[in-house]
Amino acid sequence: MLEELKKQVCHANKMLQTHGLITLTWGNVSGIDRKKGLIVIKPSGIPFDELQPENMAVVDMDGKPLPGSLIPSSDTPTHIELYKNFMNAGSIVHTHSPWATVWAQAGKSIPPLGTTHADHFYGEIPCTRKLTEQEIKSDYETSTGKVIVETFADRDPEAMPAVLVHGHGPFVWGKDCKTAIENAVALEMVAKMAYHTLQLNDVKSIDRWLLDKHYNRKHGKEAYYGQGKKNQKSKGHE
Amino acid sequence: MLEELKKQVCHANKMLQTHGLITLTWGNVSGIDRKKGLIVIKPSGIPFDELQPENMAVVDMDGKPLPGSLIPSSDTPTHIELYKNFMNAGSIVHTHSPWATVWAQAGKSIPPLGTTHADHFYGEIPCTRKLTEQEIKSDYETSTGKVIVETFADRDPEAMPAVLVHGHGPFVWGKDCKTAIENAVALEMVAKMAYHTLQLNDVKSIDRWLLDKHYNRKHGKEAYYGQGKKNQKSKGHE
Amino acid sequence: MLEELKKQVCHANKMLQTHGLITLTWGNVSGIDRKKGLIVIKPSGIPFDELQPENMAVVDMDGKPLPGSLIPSSDTPTHIELYKNFMNAGSIVHTHSPWATVWAQAGKSIPPLGTTHADHFYGEIPCTRKLTEQEIKSDYETSTGKVIVETFADRDPEAMPAVLVHGHGPFVWGKDCKTAIENAVALEMVAKMAYHTLQLNDVKSIDRWLLDKHYNRKHGKEAYYGQGKKNQKSKGHE
Amino acid sequence: MLEELKKQVCHANKMLQTHGLITLTWGNVSGIDRKKGLIVIKPSGIPFDELQPENMAVVDMDGKPLPGSLIPSSDTPTHIELYKNFMNAGSIVHTHSPWATVWAQAGKSIPPLGTTHADHFYGEIPCTRKLTEQEIKSDYETSTGKVIVETFADRDPEAMPAVLVHGHGPFVWGKDCKTAIENAVALEMVAKMAYHTLQLNDVKSIDRWLLDKHYNRKHGKEAYYGQGKKNQKSKGHE
């Protein structure tokens, strides 16, 4: 079964490129096998074009690579921190996709300005506080995970599957690799459109009922998207 | 004859991708056979790459799928509302194309700032009012159609084949799939250029006579584009 | 020899697409054979993909199509007006390329803000005045040509091979099709960069000596680009 | 061994196109063989598509082409000035990539607004002063090199492998062609994101400790990226 997860994680890493979310090697995807307590993640320093299922790195929940594994992405401790706290996350994506990163650099949360946002994210996409000097100097990548978890103290990571790390960039997650990648794609587009909307008009948020309607018609108990459970291939609205 | 329409609607859905108007599965195209009173539309939850003429959904004017049809797009009630009121519309396109959506999110109509606009849209491209809480909570997609129709109370949907739904995105139409797609492409470019024009200079509109000239040389009774009716392959200016 | 010109004009029309200057059918290229007094131009209403050397339209200096020719682009009278007045122009390009069109819609000339500009355009790229109601209503396309010529009353069309028509878009020219296309590509990039430069800083123009240096090292009598006349394949700086 | 360098320089020139940093022929890459005191550089006036390892120009440290060499890029004297002063530079890249050029045209240094910046550039990416009239009129390309060197009087060109020449565009370098190209790609993205960040929020810089952390975890003595020296294929963070 790890073979299947390695295949999915490898494919998802390559999809980051397909969707234009990657410049050079700035990004990584991981997936978790919660029963085995093992995480599969992009190996450090291997170009996207050379990724194969068999060279995916595998680490345990302490970040220790399994024997024979390549060295995992240096962001691995951040991923682990999120998996430990966001129990529904099956896959995590980190990129420096430009529009999401612009908001992270500005230190601003992305307000919900339209139904595209509401279809994927239930409310404003939060930006973390800055890390302190101490947090950066000692165990930086774990601190990054901790500040994300802190930001979600009063948020539901299932309804809000993305965060902007202050001065850095986005982390995004989902129940599986496919959903996590879709959320990363949606975040980038939502970030781009929110940026330009605010240049045109100083709007604050769509109405709560419109946010509710769009989020729930897709994710709620009475969601009415797709071909029913059997044939449902996508949760996108269409 | 529905076979031909299914082919056209399927092709038009794929053209949304070709023209870069689609992110993930955010969009759909429909076409109508007015004699039969049947609408062909993208099925819900099927990725664009898997669309085939034979899996296009077919519904009647009450939105009821024909036996054997896949479940239609959840936006189908909006399409039906428009077909019932805009009698010249043979095809309807809905996307979340980013520049048009930015204007919709800002809640602003797009003023006619150049001849590119005038070649396709006769006047400002209107943005609807917001839907009320009640309209959103009961029969949301039909309400979306109704607020569009309300916006066109004093407008001609043939001369203005596009609208921005407040906080949501564009709906576009045309006499057939090809024209509706061209209008969707034109809207996106016009929205992008109007946005940037206003950052450079606080202009209001081109002169009425320039708007008239460009719209009419292409769409008026004495239009002088193309190779005459026989060989005319495109209504673009060139 | 018209066969060779037809080939070049056809190729140049297709290059507009390659360089991303074209949306739908919004644009055209022409070339002139000054000895024969004949102009080869994109036919009206034929999609770019279907263009072939043999279906290029051919007109005389009064705009009359040669027997057997397809109907020429409706912008032909503008091209003719320019050929009559700009004796060094061997080819003319008209597009609605977005960044140049944004400046045209804003009614602003593009100031020379960097050496990229100076490498192609000697000074600010002018925007015409608006056409009057009368000019638009009678012989619109010829009036468009005339207002361009008027704008160049005190300018050298060889040193400034581009203009923005107010509320419309760019016309660009060059000694041959290749040069005209290169100037159209350069204009679009220069327009994009000038727009963003002004958002960052309220600069006015590069110094006259920098403008002179770059323009003359490429176009002046003592230009020192390329492999010498024999092997020179491009006038770009590299 | 010059054959190997010619191959690398030729490949790097083509990579400028692959990464979208080139419009027309606006750019060039060189590499140096410091033992032989020879520089390999793009020949002047040859389109990128026609570049072959064997037609790369070769010059000595006085800019004199070797017998049989094509004429080198007219920017060669700038490259030479940099190689003479930045002893760790093994390759130099010059482009007019739009976002970096926008900052150069605005005459502004790019502040470090995020970790993407810190991963590649240790501090603000400087913009040179303007060249004087005298410097432009006499030996312009060498003056361009000298003003860059002047800008680095109190900077380390290894920790800051890029500069913006006022009113012109970027020069970027690295220990070899691959690194120089990666720095050019990173500069363009950093320039784009910094531009938009400042439109959203008037931020000044990330904290010094975050800058230090990101720069040093990748470039410092205790860098912990990649698969160790043996397998390290990329210095990107992933």
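Chains: A, B, C and D, in written order; residue numbering restarts at 1 for each.
Here is the rule we use: a contact is a pair of C-beta atoms (placed from the backbone, for glycine too) under 8 Å apart; a residue touches a chain by one contact, two chains touch by 3 or more.
What you see is a predicted model, and the numbers here were worked out from it, not measured in a lab.
Undergrad: Between copies subunit A and subunit B, are the contact residues mostly the same numbers or mostly different, with half as the line?
TA: Copies use mostly different positions to touch.
Undergrad: Going by C-alpha centroids, which chain is farthest from subunit D? Tell me that one.
TA: Here the answer is chain B, farthest from subunit D.
Undergrad: Can you tell me the C-alpha superposition angle of subunit A onto subunit D, nearest 5°?
TA: It is a rotation of 90 degrees, to the nearest 5.
Undergrad: Using mean CA coordinates as chain centres, what's the gap between subunit B and subunit C in Å?
TA: Measuring from centre to centre gives 33 Å for this pair.
Undergrad: Any idea how many Å lie between the Cα centroids of subunit A and subunit C?
TA: Computed from C-alpha means, the inter-chain centre distance equals 46 Å.
Undergrad: Could you pull out the residues of subunit C that touch at least 2 other chains?
TA: 199
Undergrad: Tell me the shape of the graph of touching chains, choosing from line, ring, star, complete and other.
TA: Topology of the interface graph: a ring, with each chain touching two neighbours.
Undergrad: Subunit D touches which residues of subunit A in the complex?
TA: 23-28, 42-47, 50, 70-71, 73-75, 96, 98-99, 101-108, 130-131, 133, 136-137, 140, 167-169, 195, 198-199
Undergrad: Which residues, counting only subunit D, touch subunit A once they are in their complex?
TA: Going through subunit D, the ones touching subunit A are 113-116, 119, 182, 185-186, 189, 192-194, 196-197, 199-201, 203, 206-207, 209-210, 213, 217, 224-228, 231-238.
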